[in-house]
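In what comes next, chain A is part of two complexes: it sits with chain B in the first one and with chain C in the second one.
Let's turn to the complex of A and B:
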């Protein structure tokens, strides 16, 4: 399947500035975005559950170039959403879609391995990952270390593509029932508040969560750092830091495709996706809408309907 | 002078030191390991490199420089008065469990903040009252490259005391007089020849386990040569998200922003970390920005560490090889690769000269 993908990319490459995929990073556990300019670069392409980065993040800054992009299911939704919002032009991007088997959450691997800085080798076969670290092999099932988002993934196959390579896969679940949120919300208000105060305490205000998010497109002009006007305090109190997360989450309402990049990018493992999940559920319940499924649709909060189907204003 | 500390006595030793110093150590927090004041509720984690080094202890992510208050002169109501208070916040502090690379980061800070004509009184006050107890590395990680930039898994630069984990405890060596004072504790015993021999063996293996250090002598010159080669920098920066996580985790990055945070008639002038990966970093009041793209910004980060800083500070590279910028980068951008590519990059002129 990887060979077939390489072939397809090589064929398309002459018409494109470059194609984005994944290569092996600084060790066997870390994949890294690969920018393929020449056919030789395509030979470095890898595919597997370690291809965790969502390359759609790069697309808005590449407007004006003609590029290719390899996508998993969730990544393809980000591309669709970017197309919807006209942040990317359809004729400037060639999408190579694949069916995804799930991606690995490196924090979970660390919990098993102890120190992922000592990894020497990684093998993946039949849903089983073997990570050798400090001379010690550790076996684990992908389903035990995969990203949480993969557990409720309904779209493992690219929802939009110009070239779909390989076989389609059956989704994990039919419906996302937001079990994770329900579990979190079963706690009292105080418990939940304390949880966030504790988690946000170690936020570095580094904005990796923002820059990794494919739909956080103000980036360079973000209110969190703007100097004139000086919207948000530069202090690093928990409230100041939480304020930024709330801004991010609200700006994503109805647009967030649940790709999880914000949370994955966080160097201190703050579970910020939970906040976005809450907005995603609200949008789903209110507008019966899932972001990033139809490149022709308009996100509900970017549209205006005098009478919303699910908001029975007149009956209040 | 070398001493021995039993593993079981580590906690007591830290408690004892806690009477004189505020003890800051790497502790578990969520899934991360962060330097925090050590308390009974917190779990010390020294078996892996902390997610973020201890730089914030001496150079806080955010600190108040002065507080100010506007008022009215009761004699002349049209006149506004300003009351300004300088905030100096320094107390005896012990940093425990930094890695040798982390400690060396303070050397870089010392160069930048205390050895130039303008001294940073806030940093200096804290630095003077701080003592650094580091832990030598007997295991090196895939991202470690301290040996490329003048350090070592048992390097002593920036530390006052160096601990090496050996069977059943630690070999404790003082590096400075400040550090020697900590070794007076009755909990420590004289180290035996066996202790020192074991430590040396483990450390030799750790040094051995690092990748061979390339010769970086020509790097500053190459970086100057590549300054205007934006094609090179765009390719190197292609996958960078320009997020800045690398700089906030870096034990040597020390750029800051200053803002006035005011509510009503009072407020404070604060200094908070800034970083060259952010677009606003060098945006000028006119709107002109000398570093408009992420490629310009990556060039700045690499250039500052491997070229401009060494140029100004007797060749001292402003990277200690801790590898955090690689390990925690969301896209695994590897600064070693960028520097190596710069080193190996043949300039167009050279190629034509050869032809």
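Let's turn to the complex of A and C:
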């Protein structure tokens, strides 16, 4: 399947400036973005559960270039969302889609392996991942170290693609029931507040969550760094950090495609995707809308209906 | 003359210039008795209200936030409140995950002539927030520093 993908990319490459995919990083466990300019670059391409990063993040900054991009299901939704918001031109991007088997959460691998800086070899077959670190092989089931988002993934196949390689895969679940949110909401309001206080206290304000997000596109005009309006101060207190996360999540309302990049990029593992998920659920319940499925749709918060279907009028 | 006994709470009200602010004014001119917990901020249109205004108010120690605009189909700018309605509805669905009781935030529509309705809305909302009591504010400093500060304060 990978060979087939390489073949397809090589065929399309002469028409393109470059193609983005994943290559092996400093060791076999860490796949990094690979930019393929020449056919020999394509041979370095890898595909598997370690292709974690969402490459769609690069697309808005590449406007004007004609680029190819290899996508998983969730990445393709980000691309569709970017197309929908006209942050990327459809004729400037060529999408190579494959079916995704789920990605790995490296934090979970670290818990099993210990020091992931000593990895010598990684093998993946039949849903099993074998990581050899410091001469010691560690065997683990993919479903045990899988990213949480993959557990409720409904779109393992690229929803939008120019070249779809290989066979489609059946989704994990038919409907996302937001079990993780329900579990969170079984706590009292006080517990929830304490949870966020503790989590936000760890936040470094490094903005990795924002920078990794494919749909955070204000870049230099981010309200987190603007003095006018001055939404967040430069203090390192919980209040400003929490406020920043609320801003990030609010700006994602009706746009977030659940790719989980914010959470993956977080160096201290703050579950920030939970905030975005709550917005996704609100948008889904109110407007029956999922972001990033239809590149031609209008985001629900940029439109209205005079008589809303799910908003009760004059309830208050 | 507070309608509710005891300590006043901090409730922030975002009112649109054309209807609800006028409605509150009408209520005042008619000398309707109202709770005094609400601090009013006048905005040009309910469509101007970014849900983040609400979040920021809560972060900075508000115990409740009330947003009020013109009735749907009656907006001075024709469609501002339709957009506001969608945004605020989504936000209202989300704040419970932040650890804020959803009852602390309401949005409603009051027109300039509805002094009576304004009185009802304010009284009802203030009672609702009082039932929950004051909000535990989000500390401005980190938890470690907060712990270090506490003995000094007492």
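The rule we apply is simple: the second predicted complex is superposed on the first by the 307 of 316 C-alpha atoms of A that agree within 3 Å, B and C clash if a C-alpha of one lies under 4 Å from a C-alpha of the other, contacts with A are read in each partner's own complex, and residues count from 1 in each chain.
Here, a residue touches a chain if its C-beta (ideal position, glycine included) is under 8 Å from a C-beta of that chain, and two chains touch if they have at least 3 such contacts.
Quick caveat: nothing in here was measured; it's all calculated off a predicted structure.
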| item | value |
| --- | --- |
| Combined model on chain A: chain C and chain B, fit or clash | fit |
| Degrees between the directions from chain A toward chain B and toward chain C, using C-alpha centres, nearest 10 | 90 |
| Touching partner for A:235 - first (chain B), second (chain C), both, neither | both |
| Contacts of A:206 with chain B and chain C, given as first, second, both or neither | first |
| Contacts of A:119 with chain B and chain C, given as first, second, both or neither | first |
| Partner chain(s) touched by A:220 [first = chain B, second = chain C, both, neither] | first |
| Chain B versus chain C as contact partner of A:270, first or second or both or neither | first |
| Minimum Cα separation, chain C to chain B, after superposition on A (Å) | 8 |
| Contact residues of chain A, present in both the chain B and the chain C interface | 198, 201, 235-236 |
| Interfacial residue positions of chain B with respect to chain A in the complex | 29-32, 34, 47-49, 51-52, 61-62, 139, 141-144, 235, 238-239, 241-245, 247-249, 257, 259, 261, 270, 272-273, 278-280, 283, 323, 326-328, 330-334, 336 |
| Interface residues, chain A side, partner chain C - complex | 181, 184-185, 189-198, 201, 231, 235-240, 242-243, 246-247, 249-250, 253-254, 274-275, 278-279, 281-283, 285-287, 300-301, 303-306, 308, 311, 313-314, 316 |
| Residues on chain C engaged by chain A in the complex (per definition of touch) | 51-52, 55-56, 59-60, 72-73, 79, 82-83, 85-87, 89-91, 93-94, 96-101, 106-109, 121, 125, 136, 138-144 |
| Parts of chain A lying in touch with chain B, wherever the complex brings them together | 25-27, 30-33, 35, 53, 57-58, 107, 110-111, 114-115, 117-119, 134, 198-199, 201-202, 204-208, 210-212, 219-221, 225-227, 230, 233-236, 261, 264-265, 267-270 |
